[in-house]
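Just so it is clear, A, B, C, D and E label the chains in written order, and each chain counts residues from 1 on its own.
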Amino acid sequence: MSNKFFQPDRSKYPSMKDDGTLDVDLSSQKYTKIWLGPNHPGVTGNMAVEMTLGGDEIVQAKTHVGYLHRGFEKLIERRLFVQGFPTSIRMCVAEPDTNEYLIARSTEELSGLTDRVPEMAEWLRTLALEMARLQGLLRGVPGQAGTYSLGIGVQWGVYLRDLILDRFEELTGARVYHMYIIPGGVRGLLPSGFKRRMEDNLTDIDDFIVRIRKLIFHNSVFKSRAVGSAVIPKEWIDKFGIVGTNARASGVKRDVRKDNPYLKYSELDFDPPTATDGDVYSRTWVRWQELVQTVDLIRQIMAKMPEKGDIRGDMPNALHWKIPKGETYVKLESGRGEYGMYYVTDGSSKPRRVNLRGPSYTHAIAVLEKMLINTNIADVHATMVSLQTCPPEIER
Amino acid sequence: MKQQTRNNKRINIITMNIKDILTPFTAWSKVVQDPVTIKDPLTREAAPRYRGFHKNDIDMCIGCGTCEDICENQAIDMVPVEGVETKSGDSGLRPRIDYGRCCWCALCVDICTTNSLNLTNEYTWVDADPEVFIYTPGVDKKSWDDKEDGWQKPVPNYHFYGQKRVHMGELHADERKDSFIEFVKGYSKEQAEMEADRCVSCGICTATCPAHMGIPEYIAAVRNDDMEEGMRILYETNPLPEICGRICTHKCEDVCSVGVNGDALSIRWLKRYIADQIPADVEKYNEILYTKDIKKNDKKIAVIGSGPAGLSAAYYLGLLGYSVTIFEKLPEAGGMMRYGIPSYRLPYDQIDKDVDYILSIGVDIKYNVNIGTDITLQQLNDDYDAVYAGTGLHLGRSTRIPGSDHKNVYQSVDLLRDIVTGAPVPVEKKIVVIGGGNVAMDITRSMARLQMEKYGEVNVIATALEDEEHMPADREEIVEAREEGCDVIPAYGPQEVIIKDDKVIGLKVWKCLSIFDETGFNPKFDESDERIFEGDMVIESIGQGMDLSYLSEDIKAKMEFGPRGRILVNEDWQAKGLPWLFIGGDIIEGPDVIHGIANGHRGAMSIDEFLNQGR
Amino acid sequence: MKSLIERVSTKYNLQEVVQQRDNLVFAYVDKELAIDMVTYMRDYEGYAHFTLMSCVDWIEDGKFQLLYLLNNPETKTEFGIKVAIDRDNAVMQSAHHLWEQIWTYQRELKEAFGIDFPGSPRVDEDFVVEGWDDMPHMRRDFDTNKYAEETYFMREGRKSYDPATYMREKLYPKQPVTAKKNKDEQ
Amino acid sequence: MTIYAQLGYTFLGLFLVLNWGMLMSATFRKIVARVAGRHGIPIYQPWIDLVKNAGVRTTLSHGTMFYLGPVFRLTGAVGMFLFMPALVGIGNEHWLNFSFQGDIILILYFQLFGMLGMALGAGEGGQPHSAIGIGRGLAQHAAVELPLTLGILSLAIQYQTLSLVDIANAQQGGILNWTLFTNPVASAAIMLAALGAFGHSPFNLVKAPNEIPIGPPTEYHGSYLGILMSSGAIIHVMEAALFMNLVFGGATSWIEFIIKTFLIYFYSIFVGVVFPRFRIEQSVVWFFKLPLVLGIIAILIYSF
Amino acid sequence: MNELLKKAEANASTKEEKSFVRPEDEEREVIAPDGSIIKVNPIYDYFSGEKPSVEKPNKGVVEKFLNWARAESIWVLGFGTGCGSIEIPPLMTPRFDAFRFGVQMRPTPRQSNAFIISGYLSVKTLKRVIRSYEQMPSPKYVIALGSCTINGGMYYDSYSTINRLDKYMPVDVYIAGCMPRPEALLAGFVKLKEIIKSGKGEGANLYAENFDEYKANQKKVIKDWNMPDYNW
């Protein structure tokens, strides 16, 4: 679908000045300003984009965050090392387990007790992380079509995600905030029959994967909306610090699971999918492939993991755990990209500083603001979702 | 599926073809499938492990408050509830949970020392009134109280604090049974810190400890490696840490909340660890404990007996500035601690370490003074403002069975004292000990050592009325005695010392079925199960009596006595009838060092109050 | 990694170099050299990916510790460049020209710690909080609990008892404390 | 037939159409729900919603036109009904409503009238989202109108009339007499335009809640919304009836009316469920491509 | 308040233009629950433009019938204020299908009659929530999810989140949990229906009656009252 006829000459559009202000005189009445969010069904989470419009197109966008700010980093500074993990999991609700892993791993590393984490716990952590990725993708892949109002896929996806949440519930005792990965290990073995039920669900998901491919990727209207929309050029990757699927869709293969293997990923057989175009379609396509891969990974994990084992190593008493002064940066690959935590201890029983580095920090502010310029407002939501913005990890 | 991922084949998307228009319609095939909706979501059961609402078995719960400590949201309050009494080992408090705070992390369940607090998998609680969401599980009845499923403490090997006690190094039985060298090695720094780390700082033990020592606080000092602070905490309530650290009956460990589902904390060994870290240097002690210059007042106190009660009273009186003089009958201080406890358990230099410090704060001691003969009690009353008597139980009690008056039937207290003073101790080849208490074990093991020295082998039988579980001796004492080759045979009652040719040849015993009935002490025996324990000498160790010979008749006349000759004291430890005489220690509480120390402390306070009444 | 550390150490006079993991190094650099070094690392050592900019408040030393965490996608290693800046006069040279997203971090740090980055775009705009009139909220001396108690409403009717204290009141209210008294006097 | 009897029949018809419209929308929501794998709303939900909306206490106004917007919309809907023959054929004269020669033009006018009224009202609401929605709506309407009008024009040439009743009556007597078969090109143009007229995906950017919440009706609430809902129900049936009369041979009984309108409406749903929506300029371009070309061909065929 | 407003205020106070302000819009002082006196300037502070008025319910059967309809047609504002909103998609999708219960999502406050406060509210969001709430037509209902709305929950000590929702707006139903499951949320809807049917869901009127107190509480936490030019 070429719309060349409708592509105006944008050279006279205002651009952003170096200091971030816009070369736009709002009082000239040439531009309108509208807000997308925070009360808006199209916004991922609770954030706002302040858009200055010239007609139907955006001349300037500003991301406003902080609606979900709870001051986690401050709160964790007030909590014991063990108490930190229930708090941390709420940092990002989309893939909560990643936060837990980061805080657990940072704590273990700085206290020098990494070796005490049992093998079984490592496998279970890997499983939990992959399940978290799976449930995120089950929402995310059809969700991209959902932004163009193709709601059916979302409905299927959320249903299947719910099945995975059921498995989570069985394994961890909770649906969304699992609080499963605790410093030192995990909080439960696989219940009996778990693998069989999981396999049932994976079979359903296999069916879903085929259906969703037919529904989305062979859909002329979806293609006409997504192809060529919101392109991330390859040279932006380093310039903006773009990671994860967003980078891989532009042809830069970066995946922490491969680059700096953690947990059991070095024992698993997978290859991160990539694409070249860097547009919405490519990002969705990469995510779809990742969905396929995650299902495969979960099968691999369940086949390779031991049947029995300890779930938690001997750790210091939860009430008096103290960690000597030190700092570290631990990262993992979440569904949105490199997800890291800068963790500083000072010898007391509470962390000195915890700083979460979510990929959305870059994607939803610097990249989004840049990318939205000259887009139609109809595409804002799709762009946002295709970058997988998750506001809580920006403001924490 | 897999193949597609691997090949990463990009489908051709640019050309718009008819396929791209038709394939999406495949989605309509779903219309003939049944909906996947849950029919009745309102009654849906959550997973068996689901973390729903709390329930608490209030009979099992001991109100240790660990759940409150671990809760990062301050959602838990410990509150008194009706029907639960505050008693030793149970604070009488129960957790009340604020569901306006809870985040259902279940850390409270994971750390619960008694496993009484659990989560059910019930999850629906809707109300228009926000005030109802504070409740005490187990007390406020809820519909989910009887639910079985829900979050329980994960298994296996999932603990928030160490379940296993750090092993205390000991000399092996073969090494120790021929000498009186102290066989418990004491903790190293790592061990002590590891053991201290297991403490959950609940403080339940403090109430049970007769001296109400600040146990969690000094354990915290061990954790923080701050021995001086630890020492200060110890001396707040206990001036004999070295001694207590070795031979305390550690009632605290019985109620330790960590011990409910694991090994109780070795509170005693940790106390010993703290005391051991400070060198035996009174200067240093004075510095740490801020007792270098104590303001003296003009009051004088006499203390009779330098046992735990006497020393404790003297120390605390000394701290308050009184001039204290201790009168000791024996040549060295320590009382029963020195003369009743064998040195493999409590070496003399450790007694000296504690005693020296007490003396260093200005307490005077007079040895070999026998009240009643050398100086009368009345004289003390005249010379001093108050008198504290902690005279202890130094007389052995006899079983009064036939043959017990034979010369080869001994009292354990006498033998133990003789071992210390160096008096000759008769050691026969085969020895039978009657009694199952700690003193019985002491004499058993001491005799075993002497036998080892003399004959190169151990042949001691210790027998007790009580069965294995109910023997009053500490468990480890019995175990160690057995390790050392002694034969501990519980649940037999002595009936007769068999004497042949004026020589003791054994002890006849019957199987004991029960000890107490409704009338009190009234043992029942199975006469058919009769055994004879062979022995050349018999040692009776069934309890001690007090020696009240220092009380003159006129003083006795003023005092009040209870059943079985017990001295009656009021709650301030004043002897009833004699306001200037304060009595404490074993004669009041029975044989126990920590009770003695507590008595001494409280006696000292009472004396202080008594003397300052006029002010 | 080792050769890199040696090379950079001498060049920029690094202090307190800590190799936390095989692929992670933290080191202090002088404030004046920091931006220079970050640029050098980006342009010559392949640390082209900017991961994180963070700050730790070492209130005892009166310092803020700024961190520039760089990632080398080729060697898959990370280098944390730390800068100590004065807490009372918290100003740092802006690095917004190096990577496009850094101004966001600087804007956040301005708000959360009160560190100024002159010249950084939109550095004075509110980031996560709105209408904040207290001290920057991530500073250590800001007591969030106190603030919350004063500002927001807590539900009344809650009272907790400490088991040990409660048992003391119930079971042995007359427990004497001598040594404490003595200690207090001295 | 007296004018009063005619009025009576018309009101009865309006009542039937209103309820049928609501039932139909509920049914379709249930069908779509089933594709998604769920049960969906209770079938009587639209009526409850209507009562609920009538019961909303707060009534805010942004001016006269804000009031009049829904009224215009309702007028448009009722106007479409008034001049639309519900049932045709022999014996159904009393269900012809007020249709007369040239009523197609009037119906098309009322179709636009409702929309314009809505646009004015929503514009008065002062919501930029409404304004954006209006802009999009009118643009799309214009794009839809062109192939639709061309198709209808082709039909007018074919049947030599602008009376809907005549066009429908001309198609009686067997399925092969339907315009669908007699004039497939024009039918195709009309039916493709119908997709736009129904306003379902992929041509529903006007009210897209994901992009702008939620277009023209953003500010409307309570009774206003109730009026909008009921006029929406009527309009949907009427649009279907229009295409039924134009292309599918009209209806001779209410049963036939119900089946045909249902199927025609279903056709738009059938497409809408599986396709995302176009951006507005894409949808305009889309209508200017195939449907417009087909419309022109249809005209050409019958012009020469 | 932004600079412009301050300037305008300063100008206004110098001249005697203040008399043009309607009496109910004049700046006044109200007493907050903690005893402190707070200045309220209705023109700037009341987002809805004017003080809401009590709208009396009808009498007898009519109101009962309307209440039944309101209960069976709950239109929820699609404003995900906190983490609990992650459970809204499952609720509206095949697994739980809240549509069966007459629950639907609406994208604009004007068309909604129920507000789900899905957990914690940061002060920044609270401001928007209040505005949305005031925009909703009466009768309106508030469902509060989870611990955070009852007594602060996990974030009881956070400088950024409020602790008790009922201090800032009337709440009809609380659902315990962190976060509550969709099933519990459905149970909440059932409870809300009961409340509405029994005629107790008069939160909107409660808000209008105690408007000054609610405003005083809101004012206590929301320091910056200047609303960006939102339009929804």
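In this section, a contact is a pair of C-beta atoms (placed from the backbone, for glycine too) under 8 Å apart; a residue touches a chain by one contact, two chains touch by 3 or more.
Remember, predicted model here, so these are calculated numbers, not experimental data.
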| item | value |
| --- | --- |
| Common touching chains of chain E and chain A | B, C, D |
| Pair of chains joined by the greatest number of C-beta pairs in contact | A-B |
| Remotest chain, chain A as reference, centres from CA atoms | B |
| Most distant chain from chain C, judged by the mean position of its C-alpha atoms | D |
| Middle chain, criterion being Cα centroid separation | A |
| Centre distance in Å when chain B and chain C are each reduced to the mean of their C-alpha atoms | 46 |
| Distance from the mean Cα position of chain E to that of chain D, given in whole angstrom | 38 |
| Whole-Å gap between the CA centroids of chain A and chain B | 54 |
| Whole-Å gap separating chain B and chain E, where each centre is the average of the chain's CA atoms | 58 |
| Contacts with two or more other chains, residues of chain B listed in rising order | 24, 27, 30, 35-37, 46, 72, 98, 100, 103-104, 130 |
| Sites on chain D at which at least two other chains make contact | 33, 35-39, 128-129, 209, 213, 273-275 |
| Sequence positions of chain E contacting 2 or more other chains | 78, 93-95, 97, 100, 107, 124, 150-152, 154, 156-161, 164, 178, 181, 231-232 |
| Pairs of chains, among all present, that meet the touch criterion | A-B, A-C, A-D, A-E, B-C, B-D, B-E, C-E, D-E |
| Parts of chain C lying in touch with chain A, wherever the complex brings them together | 18, 20-21, 23-24, 26, 48-52, 54-57, 67, 69, 73, 76, 78, 80, 99-101, 103-105, 119, 121-122, 126-130, 137-138, 140, 142, 144-145 |
| Contact footprint of chain C on chain E as seen in their complex | 33, 123-124, 127, 150-152, 156-164, 167, 217, 220-225 |
| Interface residues, chain E side, partner chain A - complex | 77-83, 85-87, 89-90, 93-95, 105, 107, 109, 120, 122, 124-125, 128, 132, 154-155, 157-161, 178-179, 181, 228-232 |
| Contacting residues of chain B [partner chain A, same complex] | 1-2, 4-6, 8, 10-11, 13-14, 16, 19-21, 23-24, 26-27, 30, 36, 46-51, 66, 69-70, 72, 103-107, 110-111, 119, 151, 154-162, 197-201, 220, 223 |
| Interface residues, chain E side, partner chain D - complex | 55, 57, 65-66, 69-70, 72-73, 75, 78, 93-94, 97, 99-100, 102, 104, 107-108, 110-111, 113, 137-139, 204, 231-232 |
